[in-house]
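What follows is chain A paired twice: with chain B in the first complex and chain C in the second.
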Partner chain A sequence: MLDVLNILTVGVLLGGIYAIVAVGLNLIFGVIRVVNFAQGEFVTFGLYGAYAAQIATGMDPYLAPLIVVPVLFVLGAVIYIVILRPLQNDPMMQVFATFGILMVSQNAILALTGGVAYSVQSAFIGMSVSLGPIQIGLSRVIVLAVATLVTAAVALYLRHTRNGKAIRAVAQDRTAARLMGIRVETVYTLTFGIGAALAGLAGCLLSPLYTMTPQIGMNFILPAFAVVVLGGLGSVLGAFVGGFVVGLTEALAGFYLDPALKHAVIFIVFIAVLVVRPSGLFGVAGAEEVGLRDQN
Partner chain B sequence: MSTTQQTVPMLEVRGLSTGYGNIPVLHDVSFEVPQGKVTAVIGANGAGKTTLLSTIAGLIPATSGQLMLDGTDISRTPAASRTAAGLALVPEGGRLFPFMTVRENLELGAYSLGRDAGMRQRIAEICEIFPVLAERQSQMAGHLSGGERQMCAVARAMMSRPRLLMLDEPSVGLSPLMTERLLSTISDLAASEALTVVIVEQRVTEVLAMAELAHMLDHGRIMKSGTAGEFRTDRMIQETYMGR
Partner chain C sequence: MTMTRRAALMAALAGSLMIGAPAGAQDGPLKIGAVNPYSGPFAQYGDETTRGYELAAKQVNAQGGVLGRQVEIVRGSATTAQEGLSVVEQLVGRDKVDALIGTYISSISNSASETALNYGKLYWETNALAMSLTERALPNYARSGPSAVTFAERSVQGVTELLSKVVGKAPGEMKVWLEHEDSAYGTSIAEAQKELLEEAGVSVQIGAHSFKAIDLTDSILRAKADAPDVWINTGYVIDTNLLLRTAQEQGFTPPVMMTVGTGDTSETLEALGQDYLEGVLVVSYPRADISETYGPGSDAFLDLYRSEYNRDPIAPQGMNAYFGAMLLFEAIEAAGSTEFEAVMTAAKAIDRPEGSSLTGYGVMFDDTMQNVRALPVIAQWQGGQMKAVFPTSAVADGVALVNLPRQ
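This part shows the complex of A and B:
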């Protein structure tokens, strides 16, 4: 019984992280139509950012998002403007460019750290919340709460704010959005920044639990792709629910089958869902075509 | 109220050429659209009518030529800023945002006005002109019928309080009755909102009945310009476009 609960809390932790990363990835894909291979690198930057913040100021990693999230928003916006915008008329090259960013980032971190693994300490690690007879690690509760809040915040932002509506308009029909007077390139920059910032947030939340290595981002990018497609392209709620489906599946498969098979099991579930519901759990069938129907 | 102001056309197209890649579509097109009038552009499929409107709206870059909106050169102005300058295009098929409500579509129509406190009032005004939209406000735009969709597209364009409204084949896919209703609504708008209208239409008889001026586009060139009355009685126009 306790084993199962332990596994479930691990699954919730992973699921929350995947959900945050996937909400950003889904936003970038839905709006800019770029499959962002560098999304895992933004998680890595979040991890190392939390480390740098602790080294420089002694800051607890759970407070690091206050610095890391704005920095990654700016970094994402700059990467979009400098690298991806010039390739705007060639979507395939944009995808290759994000893969290039991934390679550059991993090797730069390897060179800078000399391959030494880092870790950060948090005062909150080891604390737990009692739920009747069950003890749940505080770090898990924090991740669950932040993932829920972030998903709700992004969904409300897209639904109700002027900028959020502009983002949705660009996702649905970029030519019509231009005719409304929306600066489509600015919306792309904003969206890429938000996606990077969310991944950075996930990195900070993970930092007390994971040992940092240059390739750590790879652990998140593949599951995040699965989450986006599983949850439904363009659906924020889908990315949230999909995140937990994938996180729990991974934790359960790792325990009951074999840790080496956990990614295989994720992708079997992923394929099974797509066979039954080709548009994903929460996707709108054909939604991706709406955005693709005009590339002007 | 000086006389010079009245003689400045709302839109002046001077020697406009454009194309897709290396394929030229418009060749040295020049014409004027006078203030407050309805101008029709007619022509066969592939004559370059949609390209002409898209270039004026800034969606396609011109390869050469000049565009003057109410005396201001907008040739190098990006599309989004042309909307803010008072130009609105209703593209072919309307191109509503299908997964947004009618109300959200209307709100986005006013995006170029900035954070406008008058949004509610403008939506109420527009719904008076397009009563069918009033009851559909919370419905997804993608679920509207063809006629409602076109009405909504015109209404969305009017939300930005344009001075020049351009319409690309608004009657496509509509029944003759619906076309008549839509065109008469556009005529009413032109009369009541001090609006200048440029309309591209396949239904030549109907559009020449509502327009004051007309241009005929053929293979990317203006082949004939005149009043709508002249066009209606022109033998060649009648035979080619009006099926007589």
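This part shows the complex of A and C:
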């Protein structure tokens, strides 16, 4: 029984990691309809940003979002304007472009670091809290708490603010939104910036957990795609819940089956959900088709 | 796969026809192509390995060179097996190297050495570990350094001869958890460890993980549930660091923690901190801090490295590579040429006992051209530095085991 409780806790905490990485990815997919392969690189920028902030100012990585998040927002917006917007009439080319961004950023980081792995320092590293006999790493609890807050904040923003409503309108129908006077290009730029900023936030919060290498973003992005599809394309709540589905599946499979098989199990569940419910757990039926439909 | 001598000669002939005769090559420097990753995630270690070759070349050049020619190390960067193939084509075709040396990554060594054979060139291996590399019995391939099996053997010796005293149990009463990353590198070492430990009567459990996994709590919880006396991990830097950090969070404190192959650099020290690492053991290439009795010349290597790069070695791969390059130069000198058959014959004639070189290695090549007297050592984190602690003859004056069993 203790084992079960322990592993469920591990799964929930891991779900928090997946959720915070996937929320931005799903927002970009849901609104701009781009499968953004560079999202993992934005997480990597967050990780290295936390490291750079610490080297430059001695800042704790948990304070680094104050600098990194605005920088990533601007970077995301600029990338959208300079690279993706000119390709907006060719969604496949946009996907390839994000892959190009991935390769450029990985190699740029390699060139800058010479392949040396870095770690940040924080007072919270190695600290854990005990819930009875269960040990929980404090760094992971922080990620879970922030993932929950961020999901709620993004959901509230989309529901109640003017810009949020504009984003939802564009997500539902680009042409109709344009006819209603919404500046679609501005919404796209805003959305891509928010998606990048959320990934940057995730990177900062994950930096105390991992040893940074230029390829680390790739390790997050593959499960994050599974989370997005499982939770529902374009659904912020879906990304959050999907994170926990994947986290729990991975933890249970890793502990009871074999850690080497856990990714295989995730993708078996992923395929099963796609077959039974193609729109994902919280997705709107047809959303996956909308992504491929010409909206001009 | 074993290649016959005739097939090898045919391949060599084909290679020489393809690239043409290296006219006038005898007059210039003796060019050795150094195949390693100089970019990508393993660039740091590829660089460090080749620094060992370059130091050896500098040393031998100061003494008149090899075959009366100055040695020139020509770098060829390969980060994947495919690039291993193309870089050899480039080194042989464009740079006209006389022989090749490498490699930090086994898969790169595999493809690069086969390509070298197509061109009739010697491929001298110093650092790659996979057993399959010498088991292929390529006629142009020899390995001067340790193999995966020797890493496994040394770790098992450490368990049965050193750590059984630490935990106060006979080997037959001990429990060992073998954790490993699930590629050929980690799997081959863990399987060899399992076999050897079970022969010694030790109870063994084994766990595999992907080095790319972003959570390894399940691996730690499985090991924790088994309550082993000794926990051993064979992995890369990022998964080793994540496992140790997760063990710290989960309160997993086995009496002995040992890593194999990695975990001995500043990348792990920075991630885990000096206090947590105190007492963690690492099976690795001999480092420059081994006793001068075990590795005569190790102090001189350290001085040479420091004078060249103004810092201490960043990893032990460099000294291992230096040993391999010096042995290659000796074999070429004895052979009177860089033809691989002549160099192999000359290398096989060298017979030196363990403890006769700066790394503590001896020299004795078996039929697959594996130097069977090249053995790693066990070092321990002590005050933020690595200190050799096993075999006993490698331990420097004033060094003793610390924090074992771990507190």
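One rule holds for everything that comes next: the second predicted complex is superposed on the first by the 270 of 296 C-alpha atoms of A that agree within 3 Å, B and C clash if a C-alpha of one lies under 4 Å from a C-alpha of the other, contacts with A are read in each partner's own complex, and residues count from 1 in each chain.
The rule we apply is simple: a residue touches a chain if its C-beta (ideal position, glycine included) is under 8 Å from a C-beta of that chain, and two chains touch if they have at least 3 such contacts.
Quick caveat: nothing in here was measured; it's all calculated off a predicted structure.
> Taking the superposition as given, does A:R85 touch the first partner, chain B, the second, chain C, both, or neither?
A:R85: touches no partner chain.
> Is A:R33 touching anything from chain B or chain C once the two structures are fitted on A? First, second, both or neither.
A:R33: touches no partner chain.
> Counting residues of chain A in contact, which comes out ahead: chain B or chain C?
The partner making contact with more of chain A's residues is C.
> I'd like to know which partner A:I182 touches here: chain B for first, chain C for second, both or neither.
A:I182 sits against chain B, while chain C stays out of touch.
> Is A:Q135 contacted by the first partner chain B, the second partner chain C, both or neither?
Touch partner of A:Q135: chain C, not chain B.
> If we count contacts the way the header does, which residues on chain A are in touch with chain C in the complex?
3, 6-7, 10, 14, 17, 107, 110-111, 114-119, 125-128, 135-137, 139-140, 209-211, 213-216, 218-220, 223, 250-251, 254-255, 258-260, 262-263
> Could you please specify the touching residues of chain C with respect to chain A in the complex?
37, 39-44, 47, 182, 207-210, 212-219, 221-222, 225, 237-238, 241-242, 245-246, 248-251, 267, 270-271, 273, 276
> Enumerate the contact residues on chain B facing chain A in the complex.
On the chain B side, the touching residues are 57-60, 78-81, 83-84, 88-89, 91, 95-100, 104, 107-109, 111-112, 115, 156-157, 160.
> Write out the stretch or stretches of chain A touching chain B in their complex.
Answer in residue numbers: 162, 165-166, 168-169, 172-173, 175-184, 284, 287, 290, 296.
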